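So, here's a batch of structures to check.
Two complexes come next, and they have one chain in common, chain A, joined by chain B in the first and chain C in the second.
And then the complex of A and B:
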């Protein structure tokens, strides 16, 4: 077996397992945990387009989640436009907003960009919390928007609401696979190389004729568009959105944490990070909340500290080494056997 | 396999079957509780948990649900972290995985609102002890029942109190200031205050939302000082209630009436955190330890001995919720959700431990709201035994021999 085919087999097995999981795992609770895991992996992957490849630290991505969630929900509630269309409208709107804020801020270096994006989320949240109506759009201030549930046991593709968890599972799984594929293609494209060059050595990259600022803005717009799609998905999952859930710094930070733990700028990083953090949060909340309330927060903190101390570049690095060693062993024993 | 081992295996199997049969005979009613057990409202979540536990212990010790063969109640908790999304997930989990028969919670209106929608979707009865947002019971839901008053009743009673006191003491009250936390709860109250104040002919001199997590509220207090209101209406969470009260005292701001809206002002830490600064303040509550109801004092003493603090209005509602559920189960005689729902809908509970609430009875209207939920207003004062909360309104419930200090003395 060549290393190439080993990788392909591994990937195929992974995808097949993910596709088959709902057939084995019947519990809606566990499916829900997996859905949230994929959703966070998805959002972190889109975050990674800017935060990982472009080498800046955006801490304002929840604003795009919020734009996606609010756009599709408002369109559905007020005009009955299907959330699927709302999803695309929200994505475009988020991309446009990203262009507006990215243009001036992406020229900033280091912490200044992070601070500017944080300020932007907080600003938008305060506005949404304090206005009940923005032009013709009813936002309902801090009380948020509730999507009326369909009658018990009914689902509708058009309304993006399903009676069981499985459809949600497959939708987010395909979204995740799509965005990972896109990132993979991007990382090997001219834009991808320009981005990482600009992220690491902006002066050198510019000297070579790369328009660093333009590349970063392009990445930001793309990332915002994709992040907003997750916002619509989140709104349709929970059927309730409000400023503190989709427009908060907490969400932005969580995405950054997942990326930091998994490994910024790597393809597998966001998935590894989500795989590490989400189950810890969910299971400790489910099983420890009655006896040790708040334990999940402590666990999260401990994991962060330990990873940052021993693997400051995230877990994807040691895991890649492990994977390579495994690959070497399997591939070499095979060829050894042929001798 | 030898014959002997075969026989042993058969016997073990038989024993297992027998055991599971006897386990099945003892029915357990599972009550799922979604509460804020961590995060900013963890202390109220804990009190709700204590109160539920005490009630369930009493119910089980008294023989459980007799119509279900002495079935015991079992409490299962889930932490909402005061986060609506977590509340929704956890409600779903309790229903799907733990297969609870009834859900209660969630204290935070913002959590209860979407969580009750989940229960409605699955057709599982949801008893809300206390969550004030009006719309929780105004969506035509069939499975949602609320024991405490809704927020339009709170604000209505606050203004009735002002009017009654004005008439009783002949004090002029013309201007009013609203200061409230900028969340869902505070802004909801403020919107209703505005309408009520305009109807009653008050002049609104200040309308000031503030972030509940603020560490310094001096700017808010200086605005109050400049506005010089006769009446200051507050809606605050725990830490900010203490902060505002102490800062008001530092700046010697003294309106004729300061009236809280429960929440932070009703928290046991409020008086200890403000000491004399909170003296003569008013607060609206659902229940006070001096309530004139049989059994109230005994229940409070028992609770205090067990958990170290007085029952709060919200804890009482949680305590009573368990008795409301037990009563409904007793009448339903079945664990079928629809039957429990119908029994809850026909609740009319006047006697037993549930009667310690300040309400005449617990009876749900067609929307699921307890139509008899009532409120009281207390004044914080020191009658020689340290600062305490004394019921002053409605006049019929006023503590005997107490004359309210009205208006509050100027500083």
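And then the complex of A and C:
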């Protein structure tokens, strides 16, 4: 067995398992946890396009989630436009907003960019919380927007509402696979090389013909577009959105936590991170939200500190090493046996 | 025909005039050395040409176009590449990756970029280290990598900023070979260097600056005998009277 075919087999097994899981796992609660896990893995992967490859630390990605969620919901509630179309409109709007914020702020270095993105998301949240009607759009201020559910037991693809969890599971699974594939392609393209180079040594990259600022803005727009798609998904999952659920720093921080712990700039990092951290968040919300609300952020902080102390590049690095060792062992025993 | 021409450029940092109406020109295929004592303004002159600074006054012409104040990435695409005095490898990436970043200046396709990069690495005898992390290279190899990356952008003119500083004598000899390889491939070289043995052996022409002003220029042998140059480097008492 060659290392190549070993990797392919592993990947195929992983995908098959993910596809087959709902057949085995019938409990809606567990399916819900898995859906949220994939959703966070998805959002962190899109975050990673900027936060990982471009070497800056965006802490305001929830603004794109919020734009996606609000756009599709408003279009559906007021004009009956299918959330699928709303999803794309939201994505484009988020991309446009990302261009407007990215253009001036991506020139800033390090913490300044992080602070600017944080300030922006807070600003948007405060505006949305205090505005009931923005032009023709009804935002309903802090009360948020309710999507009236279809009659019990009914589902509609057009309305992006389903009676069971399984359709949601497959939609987000395909979205996740798509975005991981896109990231993989991107990391092997000119833009990927330029972004990594510009993130590591901007001056050297510029001398090698890379317009670093332009590359970063491109990555930011792409990332915002994809992140907003997750916003629509979240809105259709929960059927209720309000500023504190989709436009908060909590969400922005959690994405950064997942990426940092899993491994910034790596393909597997966001998935490993989500796999590690989502259960922590879910279970601390289930068991501790009554007594210690917000405990999950403290727990994430502690985990982040421990991981940063011992594996500053995140958990994907030691896990990759482990995988490679396993691969070497299996591949060499197979060829050894053939001799 | 001159490939690069500096016309009376001056550069001020606040009240300090780092370069004072400097003019020079490099012909195609030449190696021009820029030397001068510490703080003479050599690197500032380089940075003006490379688009890092915009000169306070004067014009820079490259390949028949006025490039004064052009951005580094545009200059690179126009055929002007540079190395840094303090090497700046993309340390977490492999040697091949580093060179491919440069190769992408001429192509959009990943496999083409890889082919260009491998060619360059082979010609500079770095191909056996292509999978090394560039942060783990020796200083000599890092300097070689700087040149490889710059060469991958297929430049017409290469600006080399003290690529020999910190090298052992044997490594300097290897680097001189690298320079010759580069020149023989048709690239014009503009070089700042402190190691006299190397720059005397390499340069077709030398320009000497002090306090931002040109004090001498010409063939290396002639410059070495120039009174002004001896004064600048060694002091008044060493001038043979």
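Operating definition for what follows: the second predicted complex is superposed on the first by the 320 of 339 C-alpha atoms of A that agree within 3 Å, B and C clash if a C-alpha of one lies under 4 Å from a C-alpha of the other, contacts with A are read in each partner's own complex, and residues count from 1 in each chain.
To be clear about the criterion, contacts are C-beta pairs under 8 Å (C-beta built on N, C-alpha and C of every residue); 3 or more make two chains touch, one makes a residue touch a chain.
The model shown is predicted, which means the values in this text are computed figures rather than measured ones.
Of the two partner chains placed by the overlay, only chain C lies in contact with A:205; chain B stays clear of it.
Applying the stated contact rule after C-alpha superposition, one finds that A:141 touches chain B and leaves chain C untouched. In the superposition on chain A, A:122 makes contact with neither chain B nor chain C. Legend: residue contacts after superposition of the two complexes on their common chain; A:239 is shown touching chain B, with no touch to chain C.
Looking at the superposition, the partner that touches the larger set of chain A residues, chain B or chain C, turns out to be B. Shared contact residues of chain A, touching chain B in one structure and chain C in the other, are absent.
By the touch rule above, chain A contacts chain C in their complex via residues 188-190, 193-194, 196-197, 200-201, 203-212.
Those residues of chain B that touch chain A in the shared complex are 37-39, 42, 45-46, 76-79, 81, 83-86, 88-90, 92-93, 96-97, 110, 113-114, 117-118, 120-123, 133, 182-184, 187-188, 209. Partner chain B is touched in their complex by these residues of chain A: 27-29, 32, 36, 129-130, 141-144, 146, 149, 152, 238-240, 242, 245, 285-286, 289-290, 293-294, 296-297.
Chain contact summary for the complex, chain C toward chain A: residues 50, 52, 71-73, 76-77, 81-82, 84, 88-93, 97, 100-102, 104-105, 107-108, 110, 113, 149-150, 152-153.
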